[in-house]
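In the two complexes that follow, chain A is the common piece, with chain B as its partner first and chain C second.
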Partner chain A sequence: MKRYFHNLGEKLIEGLITISGTVTSITVLLIVFFLFKEGLGIFSQSPVAEGSVIAVHQNNPVKELKAEEVKEIFDQNITNWKELGGPNAPIKLFSIDDITDYYTEEQIGANFEYLPQRLNELVAKEPNILAFFPEEYLAKDFKGHQIKLANVSLGDFLLGRQWYPTIQPAVQLGVLSLILGTLWVSLGAILIALPLGLASAIYLAEIANPKVRNILKPVIELLAGIPSVVYGFFGLVVIVPLIQDLFGLPVGETALAGSIVLGIMALPTIISVSEDAMRTTPRAMKEASLALGANKWQTIYKVIIPYSISGISTAAILGIGRAIGETMAVLMVTGNASVIPHTFLEPVRTIPATIAAELGEAPQGGIHYQALFALGCILFLMTLVINLTVDFVSTKKKENR
Partner chain B sequence: MAFGTTSSSHKSKKLAQSAAFFIFRLLSFSVVAILLVILGFILVQGISVISWEFLTEMPREGMTEGGIFPALVGTLCLVAGSMLFAFPIGILSGIYIHEYAKDSWFKRFVKLMTNNLAGVPSIVFGLFGMTLFVNQFGFGDSILAGSLTLGLLALPVVIRTTEESLKSIDDSFRIGSLALGATKWQTVSRVVLPMAFPNIITGLILSIGRVSGETAPILFTVAAYFLPKLPTSIFDQVMALPYHLYVISTSGTDIEASRAMAYGTAFVLILIVLLANLLANWLRRYFGKKVKMN
Partner chain C sequence: MNSVETKDVHLYYGDFHALKGITMAMKKNQVTAFIGPSGCGKSTYLRCFNRMNDLIDGVKIEGDILIDGVDIYKTNIQVDDLRKHVGMVFQKPNPFPKSIFENVAYGLRVNGTKDKRFIEERVERSLKQAALWDEVKDKLKKSAFELSGGQQQRLCIARALAIEPSVVLMDEPTSALDPLSTAKTEELIHQLKEEYTIVIVTHNMQQAGRVSDYTAFFYLGELVEYAKTKTLFTNPKDQRTQNYITGRFG
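Our next item is the complex of A and B:
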């Protein structure tokens, strides 16, 4: 009997252990589910700013516009209906603030009680009007035609250059500048971190004596432990002003500042992963090289580095992965301007920084909120690809032995 | 003649080596210099701000005066909560992967997923924590939601630490125990785990240091901009040190006036990490074993 309970207890514990083993897998699947559930919602929502109506005269042949076109119209870059497939007539822009140009205050009513009616009249009599007003003033018997905005397509989303998620009357949700900003900053980071990190890894693995090594290893561990917000703060008070003075810039918050901070943050990953890779070089290979008359340096760059090249590339990929996903430090030092970067001395905005800065203000379930989740999906996919590549490279390496 | 050429090529070989080694040494020490500059700067600027009042008072005057007490307490709550979640599950999961799982597609899948989870950016954890814990489970912005989010973030680290520690235990101990008639669980709990314990605990302490500084996962799950009171339940919002530092250094009411507070907060954050590292190093030496942390 006692033995029976003992066995039962053991079965329970084993069950518990197995369940715990699946927690990470379940978490990853849940992350994918929720991220994509919210993120994909962006493709089934109209990009008209919440609670707004865009309307034209009922005889106007233009029935549907793209969000981008609406912005061009309101920026006066498109001024004729012809450009939108309509008649050759100038577009008459109207937004709710212009109502006093057409009607007196009595006609509108002290509490805007006649406003819906007036808007109705106005749209009915102006054939070339493009009116934009709040939904609450839409008359029940509205005689104009409400413009439908085309839903955001995947192409518009990924290749669009404009990120104005709260602009009236139609939000602009192009993330190309954010994707390029992220890659740009990460590329800069890896250009800084890779030479420094590789040199340190070689020094640690092959050159340094144990005493120096014992000092350097904890230092690198500590570098990995410093919170990203502290890096960001350091960047903000030291690196940003330094860059501003050095290059005579109006603002020091630039891609370069982000790259420097991220480069420092990626160092520990690069150093420890590539050092581990170099340490796996078989002793026999090194000794054979030395016995053939090669000196230590020749052995390093002709034997050890080629042998551990897959480990070194893993280190570089992991370093990029860290840089792409880093949020706080980048948010604090890159200036967050959503423009496509051309040099390292311009402000840029990355995907994680955008999510962190805007999610708090985006109403839940709205298109802006969903766009931020869609950005999260992109970020997740980027890091997934990186992780799978690393996994692939390291399994391949094992098979080759 | 032939002898002469060999000698000169030998010399140039040697020169190349000295030059290369010099550069490597220089670059390695510059990594150390970077760390020293960052630490030195924050510690020097921050030390004058630190006082008993700074640590135990509420922030005042738009967070330009007073202290960081609520943020300190908030961070302690979050660290405790996340570890309460991540330690047991992470250690059990590590045991599963290393001791129990058979070599099958499922084990490979679990390992792959754990690696993937380790690579998921912290802001994505924030998004996920917000949808699942804050909205779906209805915890709201709370210590509970924040702790669970941070716990998930720490999980892969805890699992990997456990796995590495178990790997370092020689198989002969397991075989010996099993040969004496012990069951699998008896072997794991009475032979393997006690031996791996020092290494596991050292890794866990390092992960505490890391969790206490995470900002992105708590942005939308718990962190309060300004909340000068202490939490009374796990469903309360709290301030947290890293978020507080972010707020007062970028978007506070008066950024210049709150600089001193920012240096002080950064000092405390660094101090937590330093203490965790020192403790881990001390334990390592105490147990006389090397732990490999990734």
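Our next item is the complex of A and C:
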């Protein structure tokens, strides 16, 4: 009887563990699914700013425009319909604020009650007009032609250089500058963190005496636990002014500042993981090297580093992973200008910083909101690639033994 | 002629007195075996000859150790130079994570040899001496980890021979090998004594009987008996030796 209850208890615990494991896995998968569902929604949306109408005269052969073209038109870089495949005539730009140039206030009405009608007349009257006005003033019997904006394509999204997610009348959703910004900052971070981290790891694993090591190792691992906003604060107060003074820049908030802060943040991971890898070098292997007349340095760079190279690569990749996903510290020190950087001394904007800064003001379900989710997908794929690389490198390590 | 000679060697690990006044001499071009139960100090004593004990914290050594007439614990001795003179083969095969060729060439490279042809010749010769050449000559560029355990150990022997030491220390070189590989290694030791002085630590008394010319029996940090191998095994003078070789303890 006792035995029966014992078995029942075991079964119960086993069942609970199975259920919780399954539920957790499914939850994680659902999160990824949700991310991609929202993110991919961007490709089926027209990039017209929320609640706006872009209209032309009904005889105008131009029926569809790209978001980028609309911006060019409003920036006056495109001024003739010919450039868009229409008749050779200058584009007459009209936005709702210009209405008083055409009609008196009485004609519009005190509460804009005649505005839809007037807009309708205006578009019908002007053959070369490109009008942009709020959707609420669209007349029911509108005689003009509403321009349809081409949906955002994957190529435009990934390779577009303009990120103006709230601009009127057509939002610009090119994330190339954000992707490059992320990569620049991460690359800089790893260039700073890898040599320093490796040097510290070698010191800890092979040179420091055990007492020093036993104090230093936990302290370094503790650094990994400091909240990133504290690192960001440190960067803002110390590193940003330093860079500004050192290079004589108008602002110190640059990719370099981000790289330095991220580099410092990645150090504990890199030191800890590569030090552990170096310490797995069998004592016999070190002794064999020394017994052949090699000195300590020769042993370190000819035996210990080659032996632990896969561990060191794992450390580097994990460091990059941390740098790519880091949000707060980067948001605080990189200046957040969404332009493609050419040097480390320019402000950049990273993907995580963009999401953190903009998600709060993006209306749910709108194109901006979905664009941010799509950015999240890109970030997810980047880190996925990194994790798969870690996996590949560490399995390769096991095969070599 | 004596290749290794020690006078009243004491060794302390902190407070522990591990070697208690050992005086003995090992003859040139002979195989000397150290036997004794675990913890008797035979490996510790062996590791004094190439100053491997220097790596351990808190070790203190007293007495004189002379190799080819030179006191190796004198201050003007460069440890790196000493270790070129005294090669060592370890308990477990411990090749480096490099190719077969680079493993053997390692000792030459770290000692500054740049001449490519010289290195190639020396690698080939060492591999031949270690009776491994025929098995690996077509895959010198392959990783040393691809070899079997016995082959790896012979590779380690070749690696030690490549820097042309005069003394080769072997610390239980066959304890991790299968019987066939053990037999091969023992045969190799026989051949090597033509050119080298060999000191071998072994747990296996039959092995000591098969490969060595002289045998020393250690017990609790003392050298109990040291004689020609045949004499020691057939006619031990000390009761403790008698007990050990007849298998009453150890």
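Basically, the second predicted complex is superposed on the first by the 392 of 401 C-alpha atoms of A that agree within 3 Å, B and C clash if a C-alpha of one lies under 4 Å from a C-alpha of the other, contacts with A are read in each partner's own complex, and residues count from 1 in each chain.
As a working rule, contacts are C-beta pairs under 8 Å (C-beta built on N, C-alpha and C of every residue); 3 or more make two chains touch, one makes a residue touch a chain.
Since we're looking at a predicted model, the values are computed, not measured.
In the superposition on chain A, contact is made by A:Y203 with chain B only, not with chain C. Shared-chain residue A:Q76: touches no atom of chain B or chain C.
After overlaying the two complexes on the shared chain, residue contacts for A:P282 are found with chain C alone; chain B is out of touch.
Taking chain A as the reference, the larger set of touched residues comes from B, when chain B and chain C are compared.
Applying the stated contact rule after C-alpha superposition, one finds that A:L290 touches chain C and leaves chain B untouched.
In the superposition on chain A, A:V303 makes contact with chain C only, not with chain B. Of the two partner chains placed by the overlay, neither chain B nor chain C lies in contact with A:T343. When the two complexes are laid over each other on chain A, chain A has residues 295, 298 in contact with both chain B and chain C.
For chain B in complex with chain A, the touching residues are 13-14, 16-17, 20-21, 23-25, 27-28, 30-32, 34-35, 38-39, 41-42, 88-90, 92-93, 95-97, 100-101, 109-110, 112-117, 119-124, 126-128, 130-132, 135-136, 152, 155-156, 159, 183-185, 206, 209-210, 212-216, 219-220, 242-243, 245-246, 249-250, 259, 262, 266, 269-270, 273-274, 276-277, 281, 293-294. Those residues of chain A that touch chain C in the complex are listed here as 210, 282, 284-285, 287-295, 298, 302-303, 306-307, 400-401. The touching residues of chain A, when paired with chain B in their complex, are 10, 13-14, 16-18, 20-25, 27-28, 30-31, 34-35, 38, 195-197, 199-200, 202-204, 207-208, 215-216, 218-223, 225-234, 236-238, 264, 267, 271-273, 295-298, 300-301, 318, 321, 324-328, 331-332, 352, 355-356, 359-360, 364, 372-373, 376, 379-380, 383-384, 386-388, 390-391.
Partner chain A is touched in their complex by these residues of chain C: 50, 52, 55, 57, 80-81, 83-84, 87-88, 90-92, 94, 96-98, 106-107, 109-111, 143, 145, 156, 159-160, 163.
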